[in-house]
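A, B, C, D and E label the chains in the order they appear, each numbered from 1.
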Amino acid sequence: MKAQQPLLETRGLKKYYPIKGGFLKRTKNHVKAVQNISLKVYKGETLGIVGESGCGKSTFGRTILGLEDLTDGSILFRGEHIEHLSDRKLKKYKRDMQMIFQNPFASLNPRQRIGSALDEILVIHMKQSKAERDQSVKNLLLEVGLKEEHYHRYPHELSGGQRQRVGIARAIALNPSLIVCDEAVSALDVSVQAQVIKLLKELQVAHDLTYIFISHDLGVVRHLCDRVLVMYLGSMVELGTSDQIYNNALHPYTGSLLSAIPRPVPGRKKERIKLQGDLPSASNYPSGCPFHTRCPIAQEHCKMRVPEWREVEPGHFVACHEV
Amino acid sequence: MISLVARRILQLILLLLGISFIVFMSMYIAPGDPATVIAGPTASASDLEAIRTNLGLDKPVLEQYFNYLGGILHGDFGYSYQTGQTVTDAILTRFPNTLKLAIASMIVATIIGIVAGIISAIKQNSWIDVTSTTIALFGVSIPNFWLGAMLILIFSVNLQWFPVGGLNESIFSISGIKQLILPAITLGTASAALIARMSRSSMLEIIQSDYIRTAKAKGVKQKSLIWVHALRNAMIPVITVIGINFGSLLGGTIITEQVFAINGIGRLMIDAIASRDFPIVQGTVLLVAAIFVTVNLIVDIIYALIDPRISYD
Amino acid sequence: MQDNAALNWKKPKAKKKEKMLIQTIKRLLKNKLAVLGLVIIVLQVILAVFAPVLVNYSPYEQNLSETQLGIGSPEHLLGTDNYGRDIWSRLVYGTRISLIVGISSVGLGLIGGLTLGLLSGYYRKLDGVIMRIVDLLFAFPGILLAMLIIAILGTSIVNVAIAISIWSIPGCARIVRGSVLSIKKQEYILAMKSIGASNSRIILKHILPNCLAPIIVFATMRMATTILSTSALSFLGLGAQPPTPEWGAMIADGQDFMWTAPHMSIVPGIAIMLVVFAFNVVGDGLRDALDPNMNLDV
Amino acid sequence: GNKSSKEISKEKKQEITYASTSDAAGLSPIDTNDSISSNVTMQVYETLFIQDPETMEIKPLLAESYDNPDENTWTIKLREGIKFHDGTPFNAEAVKYTFDQLKDPDRAAPRASLLEPVDSIEVKDEYIVELKTKKPYGPMLAALSHTNAAIVSPTADKEDDINKDPVGTGPFVFEEWEEGDHITLRRNEDYWRDSADLETVTFKIVPEMSTAISMLETGEVQFIDNLPSDLLPRIESLNDVKVQKSEGTRVSFLGFNMEEEPFTDLKFRQAVAYGIDQEAYVNQLNGLGIMNESLIGPKVFGYKEGAEDVAYPFDKEKAKQIIEENGYKGKKITLLAANRDNYKKMAEIVQSQLTDIGLDVKIETMEWATFLDTARKGNFEMTFLGWANSTADGSELLYPNLHSDTIDASNYTRYSNPEFDKLVEESRNNVDQDERLEKLNEANIMAIKDAPWIVMEHGTVSAAYSKSVDGLLISPNGQWSLYNVSRK
Amino acid sequence: MEGLLQVKNLEVQFKTGKKRLKAVRDISFSVKRGETLCIVGESGSGKSITSLSILGLLPTNGEITKGSIRLSKQELVGLPEKEFQKIRGNEISMIFQEPMTALNPTFTIGFQLREPLMIHRKLSEETANKECISLLKRVGIPDPAKKLKQFPHELSGGMLQRVMIAIALACEPNLLLADEPTTALDVTIQAQILDLIDDLKKQMGMGVVFVTHDMGVVAEIADQVMVIYAGEIAEIGDVDSIFNNPQHPYTKGLLGAVPNVDEKEHELNIIPGSMPNLDDQISGCRFHPRCPYAMDVCRKKSPPAFRVSDGRQSKCWLQEVNVNESATTIT
């Protein structure tokens, strides 16, 4: 697996949002939403990205899909640089990279019927006749477990799970190789979530899909992902196979995350690693290790130096001085 | 906040430049000649020529425009073609009246509009709601002159409560306030109707919001729920409407000023347009534009005051 | 076989679509006020279309010996005006012009306002420029604008519609911009971007339909102002030229007779109010009926 | 007889408020030309001569007498012992100064034409002034009695702006002008005749006539004039209000563009003339208009009874016949009408009447300034115009409106007829009033027959005032003096 | 432990158009002092509506059509609004799901926190402020005096939720309703909030009704669990037996659908289909279309609530088969 060329690779990806202010609206400061992310995603795998809310997971996802202009760094898709392509050239790659959004309701136009929402993608990308498109849409609906009758429904006439299935259908419509799932199951309740997870797995096999799976639900990530990236304040904190992460978490942040997951087993209360305070705001980015302000094992030098990104064991990377 | 004001002033200057140019050009393009109006139908061709030379209208337009701008830089907005009064004087004597009228009618409109809108939102679909909506709809479709004349007929001529016209007494006197009431109602009715509709829909949305439910869960009483918790949020969109409306009110005082014999900017402008008194037209348009922008700036500041999420720095 | 499938596929669709349209209409018809409004509008349209059949007198026919007859005169139901013309005939014929001017100038204003509003809301770079233009339009006196239009385009009823429509543009643009700004943040817009939809498609197919609700309210409220504005413009000689019957002008003409023959201005005044009322309630109803989220089960 | 009325009106405050539809343009007779301004200047300034409001006879006012040593010389003897409000003595110097200013091209006085024929003004003596003309100038006395020929205080004019702060010799002294709102005058206690009864006179600006009427009803104003015919029934229904109407000098007419087809054809003009029923129109004016088809109206010098008989009276059948015989049936014509006065009313009625005789007439209305521009350039087919003849002299009507010299200026219909021109010139360049009358009558008849205009009405002057107002008299040119007015 | 809240045979209906929809059907439960009852169930199953009915805050088109709700001895159904205002925020408090939208954006934290104190405890503004500071300290907010002057948007979600809790606890209520108070928060903050509620419950001896659909959360905090499905109680009982020995097929399905963090190869159990709409006509058991064990009787007759053991009920015909004669129907 590692030998092959990565499907997607990011090198030193940065995304800053300007904070404007003052007379003439000059940029005063930046929100460092994504800091220096270098990552390889291989064909057929599912890469999980976890982290607290606001740590830049979605921004990362949007940036690699070209929905945001990046600040610095490069994105390679199948070995080609795509970060500075014009919209028209990007269109070709857009077919190959799709996204499933968190909120199944907000990600569908409330005034557009399901059928026409799916049809529209085909109109944009495929030169097909109406009949052919109808057939494709029908197949798509069936493939994600919906029925023909849903073709004419409005989003509000579907249940949450069904809506998310539409979102998935939209993502796979063009037969992409990479799908970014941004909190794709977070808004669903467990029983529906299980259905959608199953569907994602089936589709992965059927279409040889690669997923980047963004979530803050560590249970779901555990269940779905081959490798997991842990992010904190826009930076990479730890990366490894899911076994490495879940069984042998090295970074104190990963540890505290894992300890906070409520287990569905009554009476078994694990000792939590409690973090002090809230996430510092991305605009007043801490010096040194971004985690030092809340780290239970922080030392003086953590405030000064940014920790290196080290490979501790094969495929297991971590950024921490104390490991 | 200071930087907001500074930026707006910069924008205002650019806007005024743009407007003055367009006004200048439109006066030039529009048919009608100030000299003919001044001289009247009797004038001979040479009379007209003399008047034109006298007013500087014989020069090329652009030269006229730049002369005008040059004058403005020295605080000289020119002289009325008709009366020879300086534009500044002409405007300053009338502006207080228009301002009084516009502010009074805005107050009338705001109070009536908001109260009516909120009551109909609380009693949604009740007869009060239907009545107030219907009145609001009629309010926007009553021509101003008609309403004004009716008010005069009923309240001035028949009941003799208010004087028919004029607006020259101090607003701090009873007679001054009496003079203001009918025109304010006339001018404010349409705005009141609009504000009522806006407040109603905005209020309806707010009272379904989560935080109102939270307040209820705290045991907050109905009255303070509406007038304390919901009002401030409901006002945010309404204030924009009030701001925009205030701008158009200033432009819309013409008919009210005519009907109530009020010596104001609206009448000055319309008379000036009718007599092609370009400097006065320019002056009044610039003034209205400046006020419009200022009012919108104030609206933005009020925004920031009632909605802490907005900050301008 | 594929053809067959496609055919089967299409059939229920056509049926279903029809049903949706009917459903919207049904939803609208459930709203009593909206039905009342519809009835008024339909009546007005009937009046406009069948004007010649519905009147006994030409709207232009003067009878200087029977001027200012009051309402309920045996020969003239709504009385006569100061030239002895039958007010009912003038009202009926006036429907044509006033409705056309009202609807077309609100329509034109919407086109202008929507364009500016959509562009400035969607493209941040255009926002500053367009909003300054809008400020300019707001601050520029309407009468002067109308004079410009006469100077450039000449006087005609079409130009009236144009002049009045320009007055609606800035308000409309602001409202649209506001909605666009909030709709733009919705996830489904991002979703459309992620599948590579062009900006024009996003604006026209996804943003526009979702910002219609406030526009409907604006447009219906605007009808009144518009019809009344024609009378303000007749002062400039812009507008329907006499003796054309037009409601705004009829009200303005009746102004001097408000004390002696009030029906001359009240009758067209009520006609305008009815139109405004009708369009408003239908607009409100339509907004609700078109909203797919409203659970107005039929 | 103002002394006696003063006794009677002891208890009533001697004040009057007049509602004016618009503001004065200025308060200097030299620099203004509009009737609103002259309403005020009439009370503050005085002219050398004055027209009797009833008889229209011209009498000396500031002048004591005049003499014509020859046709081109006017020697005027002035009244002695009169002072301007600022104390400057009234004398021949003041008259010369005023007239020189009026004629000065640099001052661009709008009514410079009044003294245009005057060549020089000389001071012969402290109280004798001599005007010399190039050609004999018949309407000289009328011109000198024109309000814009009123005499101003030279000191005030040199030192101050009399347009803002007027100084004359009249019965009222200027007190205050709040532009756009009101003008206040006070009684001149040192007036050279008996002082006026009224202590204070206010000109209040009330643009809307119906508002002015309401104010008359509530007593906020006591006096309005120029009553619009449509509102007359309402005014007449008011208690405690008197309405005065009398014949005036104003004429309103339908003018043809004499340079445009088909108006070049006398037949066509005749047909239109036959087709118009002025009586039907005048009947709509509630008595505020007089039907007479003579161009020079009965109240204007130059009118001789019977002149109207040569006009083409209303005869629908005849009109139709001419239209049909000459192939004008269905002819498309645009009727231009300014949005002012009664022009729209005329337009609606005339349009209907001309439609009846087989023409296809469209009305085009315009706002005044645009109209003036358009009409002046001759961009019209036919239009309505009016002429308020403040000097009430027929040559002051015929010369500016129909003489070929004034084409491109005030001769909007572009009528050009050398024979007619000659008659008008003869009436102007003659100081023998009887001969002038003859010439004017001849010219009038010629123009009526030629029909460049169809007279719609001769105006009336009208006013409505509170019954407490006494002694108000409106002269046929619409002007009035408050000198003899009192409240009782 | 004494009985605090008694809900009996609660039924809630909504008016939409001409139809009436039953959102809550015949629900009964009780909560004692110091006890936490968790209501779990799919989205739309009626969890929020149940808790809102207790507080008398149903949406305007909703109404309680049957049943009784008693707080201590007081009947809440049909209580006049004026009386209810005295109870809300005082004896019963509620924490809502979205802290961001549940606080008024235009008022300071201080204002919103002061209010219940001033309304119910009639404190002066000054004393209320002091009280607020100690409340905020109690919910673990650093620098409380400064926070009082801040506006909701200036605080993070976790902070806001703590403020919400402080508001709810201001008058030391006997009963705390928490409607998904942690769903919008991420795990680390969720853990803090859960601990906080638990601590406070112990300190004050409140009864807590906790609405959630997260089984992990339930396991952590519940004493009693009520599983509801499509407006009906599927199963109710103490937390251990519900998790360790679920009786109702729906409860089993729900538990099986939770991914296990500790075991990668854990097979997710899928409940096929989706919850019926409120207006769907379903004969028999409302769960039967999705139930793997559905029998004939399930399609025909709606099951009664079978007693499984003390305080433990399951609304499923399987009970009759399993426990046959020992099962007692409770209505």
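We take it that a contact is a pair of C-beta atoms (placed from the backbone, for glycine too) under 8 Å apart; a residue touches a chain by one contact, two chains touch by 3 or more.
Per UniProt, the chains are A = Peptide ABC transporter ATP-binding protein; B = Nickel import system permease protein NikB; C = Peptide ABC transporter substrate-binding protein; E = Dipeptide transport ATP-binding protein DppD.
Not measured: the values here are computed from a predicted model.
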Touch-connected components when subunit D is not counted: one piece
Mutual neighbours - chains that touch subunit C and subunit E alike: A, B
Smallest number of contact steps required from subunit A to reach subunit C: 1
Subunit B and subunit C: spacing of chain centres that average the CA atoms, whole Å: 24
Cα-centroid distance, subunit D relative to subunit E, in whole angstrom: 91
Euclidean distance of C-alpha centroids - subunit B vs subunit E, Å: 53
Distance between chain centroids, defined by C-alpha means - subunit A, subunit E (Å): 31
Where subunit D touches two or more other chains, by residue: 210, 367, 370
Subunit A, residues touching no fewer than two other chains: none
Interface hub residues of subunit E, defined as touching at least two other chains: none
Residues of subunit C defined as touching subunit D within the complex: 60-62, 64, 67, 82-83, 147, 150, 155, 234-237, 241-243, 255-260
Of all residues in subunit D, those that touch subunit B in their complex: 22-23, 25-26, 31, 33-34, 105, 108, 110, 112-113, 161, 163-164, 178-182, 204-208, 210-212, 214-215, 217-218, 220, 367-370, 372-374, 376, 385, 387, 400, 406, 408-410, 412
Contact set on subunit B toward subunit E in their complex: 209-222, 229, 232-233, 306-309
Residue ranges of subunit A touching subunit C (in the complex, touch as defined): 62, 65, 67, 90-91, 94-95, 98-99, 101-103, 106-112, 115, 120-121, 124-125, 131-132, 134-135, 138, 148, 151-152, 154-157, 167, 170, 173-174
Touch list for subunit C against partner subunit B, complex: 132, 135-136, 138-145, 147-148, 150-152, 171, 174, 178, 217, 221, 224-225, 228, 231-232, 251, 255, 258-259, 265, 269, 272-273, 276-277, 280
